[in-house]
Amino acid sequence: MSSSDKLALTLLLLALPLALVAALVSGPVSIDLGAALTQGWRSESSDAVILWQLRLPRALLAILVGAALGMGGAAMQGMLRNPLAEPALLGVSSGAALAAILLLYYGSALQASWGSAWQSGWLLPALAIAGAFSAVGCVWLLAGRGAGAGQLVLAGVAINAFLSALMALALNYAPSLFAMQEIVFWLLGSLANRGWDQLLLALPFVLLGAILLFSARNYLRALSLGEDSAASLGYRGRRYPLSILLGIAAAVGAAVAVAGTIGFIGLVVPHLMRPLVGQDPGRLLWTSALAGALLLLLADILVVNFVGAQELRIGAVTAFIGAPFFFWLIVSARRGQQL
Amino acid sequence: MKGLEVSCLQLGLERQRRPVLSEISCVFKPFELTAVVGPNGAGKSSLLQALAGVLAPSAGHIELDGQPAERISPAQMARLCAYLPQAETPAWSLRAADLVALGLLPWGRPKDRERRVSAALQLVDAQQLAERPVTRLSGGELRRVQLARLLVGEAPLLIADEPTAALDIRHQLQLMHTFRRQADAGKTVVLALHDLPMAARFCDRILLLEQGRLVAQGTPEDVFTPALIGDVYGVTCEFRWRDGVADFVPLDLL
Amino acid sequence: MKKIFLLTLLLVTQQATAQNRIASLNLCLDQILLNWLPPQKIASVTWLSADDHYRKAPLPKHVYLNRGRAEELLRLDPDLILVGQFGAQRAAARLRNLGFNVVAIPDAYSLEQLLDQLSALEKTLGHNAPLEKQKRRLEKLLVQPVPRARASALILSANNITYGSGMLEHQLLERAGFANLAAKQGVEQLGRVSLEEVVAAQPDLLVLYGGEKDFAIAHLAARHPVLKNYIDSGRVYTLPAELGFCPALVAADVLQQLTEKRKSLVEQR
């Protein structure tokens, strides 16, 4: 890692708390940040409530979801050895979203029998992650035993399209007056009106996913040589790809359960970070988590400051911020640099 | 260094339910440089993959120092055997030195990593490539960097599939000298080769494969006879031995 | 003088209208028929009215569910067809040409329009006890002076929508003695209000728009823990969903409940 790369990473690390401060001061109401901070989080003054109960959990959720997506993208690209992979590719996101939609919109029957689990709120992320796992499981089965990356991608695209169709169908028949609009919520994601409860729901699963992915970082490193070489370096068997898929399903599934499917971060962030870590797929994991968190937080600041009759969708904003970076990457690759 | 003796007993291997190797029995010993030769599709790569533990045999078994290979964990196996496949395409544009360092993964993060990497690069005459991204190396340069990755660890068994393909003659010779020295230092070295004179000149033992079967094994003088080569490759040829160096002249198709 | 005129009009219409088969081409009018008329008089309502979202009154079995097409009603041969200001206009015109008795009832988006709507209904349907009772109740409530001890209120509806000046909901709040904070901040018709604006505005009463028990992300704001304070201290009032699509049914109730709510809030101070 050259010194300029180190500098860039340090700047990113410093930018995150700055962006957090920016997120805390931005909103439709102007609050006295210093006073709200000193009043503490139990205070009932409206400034303190806005800061501690609304802005802080939302900003932290943006960081958590962004980190999960960035890390999931880096892991997926590493595992498939393909720079165009993204965490949603193997149906993780649509599986999680479909499970969440089925539970939320049709789950009133479950509410009776699973009352306690429902109350504690664990059921939703648990089911979303189960949905993510089942989607990945279907892809795994469809691709067949010992499938290579290419077959996995093909199976993933097929399962993904099918799940998206099911999702639209489920929302179409949902007993909700807002069914069509809710499809947009899920497909473009949203952090609006989220609080500590959603953050605390997602946190353990994202952490679990992060641990799983991080413990497989050397497998991803070895895999940059190819599957045979990785096997000869000791990363043989299904344990490692499974732990990667499990990690992605847990982290991204939980993120989708609370925020919907936010695209583009998982695709573009690993690209941006790869040159900074000397293309090392291991270190790419945590740097992508960092950059994903920063990008989503910035996108959310934009959403919060956007004035309009309708809420600006955060998925649209991430594409808006992410796509120009991608253009720039393509242009610089055309000039002879490496992607 | 403690050497490693590898033996194959009635080894058979299938790919997509089609047998690619059958009834292979042979022994690879420390201090020995062995070349696996044979026409395209004879099963050379499959044999090497089985030896490296990348493919599981469907019949017979492999023993390392008398211990059945299936009882050795993948992590343990990685410390015993370094393997370079025939075609290894790096997915990411790593720095050459970083790619070489991947060869040390089975040993964790040794403190003298930098030194070992540059020593390995020196062995293949590639120290000047250390900082270059691997996607911007020529075919031969990349191959040498990959060989450095093979040599950087401490595995007593080295397996390389056609290591000299894509190299110029100077680097071919240099590389064969390197493998020779590794064998002389006590390692067990197994190479798949197409270059028969090179195999004859540097290797102690030759395994000649044809259609998944072991046709002949022994010293180069034993195996490289016009009759055997004619049978297996379907060419007429002539060997001229001078001080253990074979001059091999393929004359024409049979 | 006006009263006498109305009375005679009432008598005349009552005699002229011995309708026994009434059909409706409008969701709100459906509900009015189902709630206030004896079931045997109803020939047809729109298919939307079968949905539990909109319907409180029972749906008699013999009532035909129409999709606003002329030929459907042709077959039923109703004595009276009610139609709203918007929607099913083509079918209404066709039926009118065919000689059916089609009456357009104006929609209600304000208190004034609501009274007009009730009068129009009275005129068309003739003597009807629940209708007259509702109208009298509303008129009585509206002549009462607007209370002086005012409290503030803010409406938080699905998708963070709030109601400003010019809306019926606003009028009801003002009439009940609440200052609608959204209107004070210059919101006309509909506007967007974020949760932090709700918290910062600190209204005495938080008014939610009810109706849907099922989950929707659109309702996430109303479930946010920062509003727990309001719910725990009883400073929440939920508008019935009918107010949104057929205020005639509930406007009087809402106004009365809001007035009482304000009284209790002022007393708590």
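Order of writing sets the chain letters: A, B and C. Residues in each chain are counted from 1.
Operating definition for what follows: a residue touches a chain if its C-beta (ideal position, glycine included) is under 8 Å from a C-beta of that chain, and two chains touch if they have at least 3 such contacts.
For each chain, UniProt lists the protein as follows: A = Iron complex transport system permease protein; B = Iron complex transport system ATP-binding protein; C = Iron complex transport system substrate-binding protein.
It should be emphasised that the depicted structure is a prediction, and the values quoted were computed from it without experimental measurement.
Colleague: Which of line, ring, star, complete or other matches the graph of chains that touch?
Modeller: It is a line, because the chains touch in a row without closing up.
Colleague: Of the other chains, whose C-alpha centre is the longest way from the centre of chain B?
Modeller: So the farthest one, by centre of C-alpha atoms, is C.
Colleague: Between chain B and chain C, tell me the centre distance in angstrom, where each centre is the average of that chain's C-alpha atoms.
Modeller: The separation of the two C-alpha centroids amounts to 85 Å.
Colleague: For chain A versus chain B, what separation do you get between their C-alpha means, in angstrom?
Modeller: Each chain's C-alpha centroid was found; their separation is 43 Å.
Colleague: Considering the complex alone, what residue numbers of chain A touch chain C?
Modeller: Listed in rising order, the residues of chain A that touch chain C are 27-29, 31, 44, 46-47, 49-50, 53-55, 104-105, 107-108, 174-178, 181-182, 185-186, 190, 192-197, 308-311.
Colleague: Once bound in the complex, which stretches of chain C touch chain A?
Modeller: Within the complex, chain C touches chain A at residues 53, 158-160, 190, 192, 194-197, 199-200, 202, 211-212, 214-218, 220-221, 224-226, 229.
Colleague: Of all residues in chain A, which touch chain B in the complex?
Modeller: Chain A reaches chain B through residues 78, 81-82, 218, 221-226, 228-229, 231-237, 274, 278-281, 338.
Colleague: Considering only the defined contacts, which chain B positions touch chain A in the complex?
Modeller: So the residues of chain B in touch with chain A come to 49, 52-54, 74-79, 81-85, 88-95, 98-99, 102-103, 105-106, 133, 135-136, 149.
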